[in-house]
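Chain IDs A, B, C and D follow the sequence of writing; residue 1 opens each chain.
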Amino acid sequence: MNSFGRFFRIHIFGESHGESVGISIDGCPAGLSLQVEDFLADIERRKGGTQKGTTPRQESDLPIFKSGIFNDITTGAPITILFENNNTRSGDYQKQRSVPRPGHADFVAHQKFGGFEDYRGGGHFSGRLTVALVAAGVIAKKLLARVANISVAATILEIGGEKDTEAGLQKAIDAKDSIGGIVECRVNGLPSGLGEPFFDSAESLLSHAVFAIPAVRGVEFGTGFAAAKMFGVEHNDAIADMSGKTITNHAGGIVGGITNGNELVFRIAIKPTSSTPKTQHTLNWETGGMEDFSVKGRHDLCIALRVPVVLEAVTAFVICDLMMAEQKIKRIL
Amino acid sequence: MNSFGRFFRIHIFGESHGESVGISIDGCPAGLSLQVEDFLADIERRKGGTQKGTTPRQESDLPIFKSGIFNDITTGAPITILFENNNTRSGDYQKQRSVPRPGHADFVAHQKFGGFEDYRGGGHFSGRLTVALVAAGVIAKKLLARVANISVAATILEIGGEKDTEAGLQKAIDAKDSIGGIVECRVNGLPSGLGEPFFDSAESLLSHAVFAIPAVRGVEFGTGFAAAKMFGVEHNDAIADMSGKTITNHAGGIVGGITNGNELVFRIAIKPTSSTPKTQHTLNWETGGMEDFSVKGRHDLCIALRVPVVLEAVTAFVICDLMMAEQKIKRIL
Amino acid sequence: MNSFGRFFRIHIFGESHGESVGISIDGCPAGLSLQVEDFLADIERRKGGTQKGTTPRQESDLPIFKSGIFNDITTGAPITILFENNNTRSGDYQKQRSVPRPGHADFVAHQKFGGFEDYRGGGHFSGRLTVALVAAGVIAKKLLARVANISVAATILEIGGEKDTEAGLQKAIDAKDSIGGIVECRVNGLPSGLGEPFFDSAESLLSHAVFAIPAVRGVEFGTGFAAAKMFGVEHNDAIADMSGKTITNHAGGIVGGITNGNELVFRIAIKPTSSTPKTQHTLNWETGGMEDFSVKGRHDLCIALRVPVVLEAVTAFVICDLMMAEQKIKRIL
Amino acid sequence: MNSFGRFFRIHIFGESHGESVGISIDGCPAGLSLQVEDFLADIERRKGGTQKGTTPRQESDLPIFKSGIFNDITTGAPITILFENNNTRSGDYQKQRSVPRPGHADFVAHQKFGGFEDYRGGGHFSGRLTVALVAAGVIAKKLLARVANISVAATILEIGGEKDTEAGLQKAIDAKDSIGGIVECRVNGLPSGLGEPFFDSAESLLSHAVFAIPAVRGVEFGTGFAAAKMFGVEHNDAIADMSGKTITNHAGGIVGGITNGNELVFRIAIKPTSSTPKTQHTLNWETGGMEDFSVKGRHDLCIALRVPVVLEAVTAFVICDLMMAEQKIKRIL
């Protein structure tokens, strides 16, 4: 479903080329100050418009508050935020409909919704909806900073296998192709004890939310896949003091599904943007045969570049949810 | 919480050294034949008792049906299955309590439950509870096979970085240490269209459930982390025919969070067993100082060896849930 | 929370005098035709503006579709509908804030949200939000009619104890006071088998939703409270044929929490409008003492008059949910 | 589904004549002392065995703790409690199967579960399962008393329309028939602010849970159905002081769906026991014709007599849930 969270509960809606995308947040405490200005920096980070390798599509993307905020302060009622879609060029997509784009949701959306789906620009499956996630993330991060001095920060770790991200990006530019990357998220200031046995481990909730971000192919915590090659005595983090601080942090801050008071560290793998300028050979639904196909329209060479602010957002609202489950965020600030 | 699933809904309970572990399954269709014999092979696989590298602890582990089955057939009411704990040696654990075991949940459980937790053998955090997951998995796999000819199979892919798992295991034996591994799961016969936008993507639900398995450090679908190094035209899977079959399967059977009718392929990383025979230097809660510590009792050198049947189980019940969401499993068989 | 339903899932938001009220519906099947015209009749019924005993406040109240509808047809993605608040006179409410209105949520909202609540016109607790319920109801009723020829109809049964509702209303006018009433809902065409043991009985879900309607004081099914005076042989409905039709319908169409294929019949009690023109003696928060108080502004003498269309709405979306649980509504029409 | 609650979450299972009935409770705080002795009084109240008008069936009905309790104290993990079914006489029911009993769930269970249901003694629909509710209620009431001095008490208000319950019962004995009744529940010590707009009002949650009790036909809060005959100025409760105490309590302690700090008062209507000794004329499934039918076996003349302790139980666990939503019960006691 288009909802997530038990306490800080998010409902997302909208389509790439429809009226709007938006989000309604249920359970945010009353008393948090919120203004349009709080959102601008993260919305700008998501656009990546001035960055080499991101799409030139630009929405004004000002959040429009429709409910839950009164006198610039949250009321405790659901907060609804809309983003209007102004800068859409549906014509780009309509004629492509007979060729479901490889790597995109066109084919599965058609199977699942019987042809009634809004197919323009990926419709409800579009990365456009991440602007709504970012808005929820702004609120979640502000809440975490205010109540518990918790900070969430995500960064690009590598592009196309290169730690020097400019070099990785250049590979794609040279190849006239899109390229993947790895994004890492770190959360500082977390208390121990977050996460619920048995099915709502901190990793379970984080990975659940993370895979809502388009183009994610994997997630790993702490040492992650490298742990599969390690010995026990190498991997175990010795506890150093009564607060639970460990000498190493191979666990990435989570043991037994519960935060242990150390830094939370995890990474996600982002596939190359499905819309590559390269010619592809794929199915034409109308003819039933294969044909050459190349993508028109505005697209990112490396979608990973836009992901950090989105990853911060989903991480922040999962952390809010976990904090509220442990009664570490009051209902009235 | 200790529940998972919207339709094929599982509630798990129990402790390693308490009365029992068990599971109650709500939403299983009426009309599925179920007998103790259906469970024996998978319960045996989980024990791994005859395998090099697994613990000698043996429970008889016969499932005891407490509700939901009448005349050897499911009734549509909740199915409750217990496993009694007979072969426990609590004494092993009680004296160790002052030293929270590195890599285990001892410390976080104490923080979260204020010292009231059942600390014996990991209590509710113990891998012992996976026997209940396996039981749910038996039912889920039987259901999938019956209604849709879907098969779920997990295998060890590597141990300690070695594709030759015996070699990987030998490294641990030689090092007198525990070791990690990678397990892969493949599901055949899946229809396209499973998974829900926006937050209940197939990857979201699978990874959520997968991180309930103790010792999992990461999950990746299809090409996974390797995708982060790839170009778009390499990674995209060209659609080959109207059924959605693709020429390659880098996506691992999921696009846009929705199954696309190809084989589902994903892998998980398992950390080395936390209980290693090696001496570790860690905190003593009573003294507040660090001290040498080594694990007594029965433990696996490589917990990954027991994971395949557990991974099949959680995969199967997630798939049941997704199939029921799409009305592809009737409520009465 | 501001959500309801497992399948046909509703999220409501908004405040009486805020920007808007609205609803987002997740799980509505793809392929249902929806236009503004579908909503007009029920929105008009809810206004009751031309009726003796209802408030003169008039909003244009045209539904604004923000997501989930493409080419006038539902897409399967969340449907979001807004109603703008244009005709508000906040000044009426602001000065009254020191006297929490008896019978209204003013006091409890202040306790619960610490003074951050939007107090204007009841804010999020306002009957204004029922316009969003009505919109969801229009969709639910259209869906039920299309897929299963199910009809939902609610009527005023009595006002102020009078079956002749005009007479009941006249009592209130004569007394210069507000007055209560009883509304009955009947659903025809229901299949047997809807409702889930143990906690999601048809009555449980209906009553849960019904008490979301402001001013409801009670709900009874079939014979309801009269059953408490009856003998068993009087009350039992003899089954008359293999379809489950019963000779009498004291059960109101539900047995053991499950619909039995007969007409669903239930009633709700609506209290008199809390905003009465009469003078009341109650607390002043600022002075801490009691004082005389009388309500200014636009209000209904008998809020029950507006309830039937709202009751139809909540009944219809509960029935949709139950039908979808039984796979009696497909995901694609 | 067979689950209820967001925080104090209950999963019920079992059948009247199966192995057992039971309950698993997820979310109960760690640190609550619990012993078999805590349960005996309420289990005895539910039996009503020595009371005129209740069935002679007697189970020993000792709760068997299967998980979540260690050293007689809750651990924070799910608490599972079983009651074995020893005293069953299935033969009574098997031969009756061709005649679905009027007023019972036999017909609807058969429709819903396709004949796979455990039909013995009502199976999963049996009042037998209320013993599991009572067990959950014991825990919930103990928790409420410990953390907040909240008390929950339900009593018979009338039988067969008689306030003198002995007289009402005598009517049934004289008529050789079963009879209905009304049960009232009062909760003292509740804080204001419990209940969530919009769909999780205190009335919504209470009525949802209340209709899980077999034989309930209606529920009303405060003045209930009488409110439909009242004027506004009569019905409104003037607030008397800053704590929210009102001079009258027509609202029954809930305004706008939120508790207001006054006594919670509500009533439920219980239909006459469906199993009456009187002869009934109803369908025979095998012949397809109508025939005379009379109930054999052990049954209550007035099931309402057993309801108070069950009503206390569901009320108590709903209140726990609401208290936990407001963070008024800590996760560790």
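In this text, a contact is a pair of C-beta atoms (placed from the backbone, for glycine too) under 8 Å apart; a residue touches a chain by one contact, two chains touch by 3 or more.
Everything numeric here is computed off the predicted structure, so don't read it as measured data.
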{"item": "Touching chain B and also chain C, the following chains", "value": "A, D"}
{"item": "Label of the chain whose CA centroid is most distant from the centroid of chain C", "value": "B"}
{"item": "Chain C-chain D separation of Cα centroids, rounded to whole Å", "value": "26"}
{"item": "Averaged-CA centre spacing for the pair chain D and chain A, given as whole angstrom", "value": "44"}
{"item": "Between chain A and chain C, centroid-to-centroid distance (C-alpha), Å", "value": "37"}
{"item": "Chain C: positions in contact with at least two other chains", "value": "1-3, 12, 77, 112, 124, 197, 331"}
{"item": "Interfacial residue positions of chain D with respect to chain C in the complex", "value": "1-4, 10, 12, 100, 102-105, 107-109, 111-112, 122, 124-125, 129, 158, 160-161, 172, 175, 177-182, 192-193, 196-201, 203-205, 207-212, 214, 216-242, 244, 246, 251, 255-261, 269-276, 278, 280-283, 285, 288, 290, 304"}
{"item": "List of chain D residues in touch with chain B within their complex", "value": "1-3, 9, 11-15, 18-22, 24, 26-27, 30-31, 65-68, 70, 73-80, 82, 112-114, 116-118, 123-124, 331-332"}
{"item": "Residue ranges of chain C touching chain B (in the complex, touch as defined)", "value": "6, 77, 197, 326-327, 330-331"}
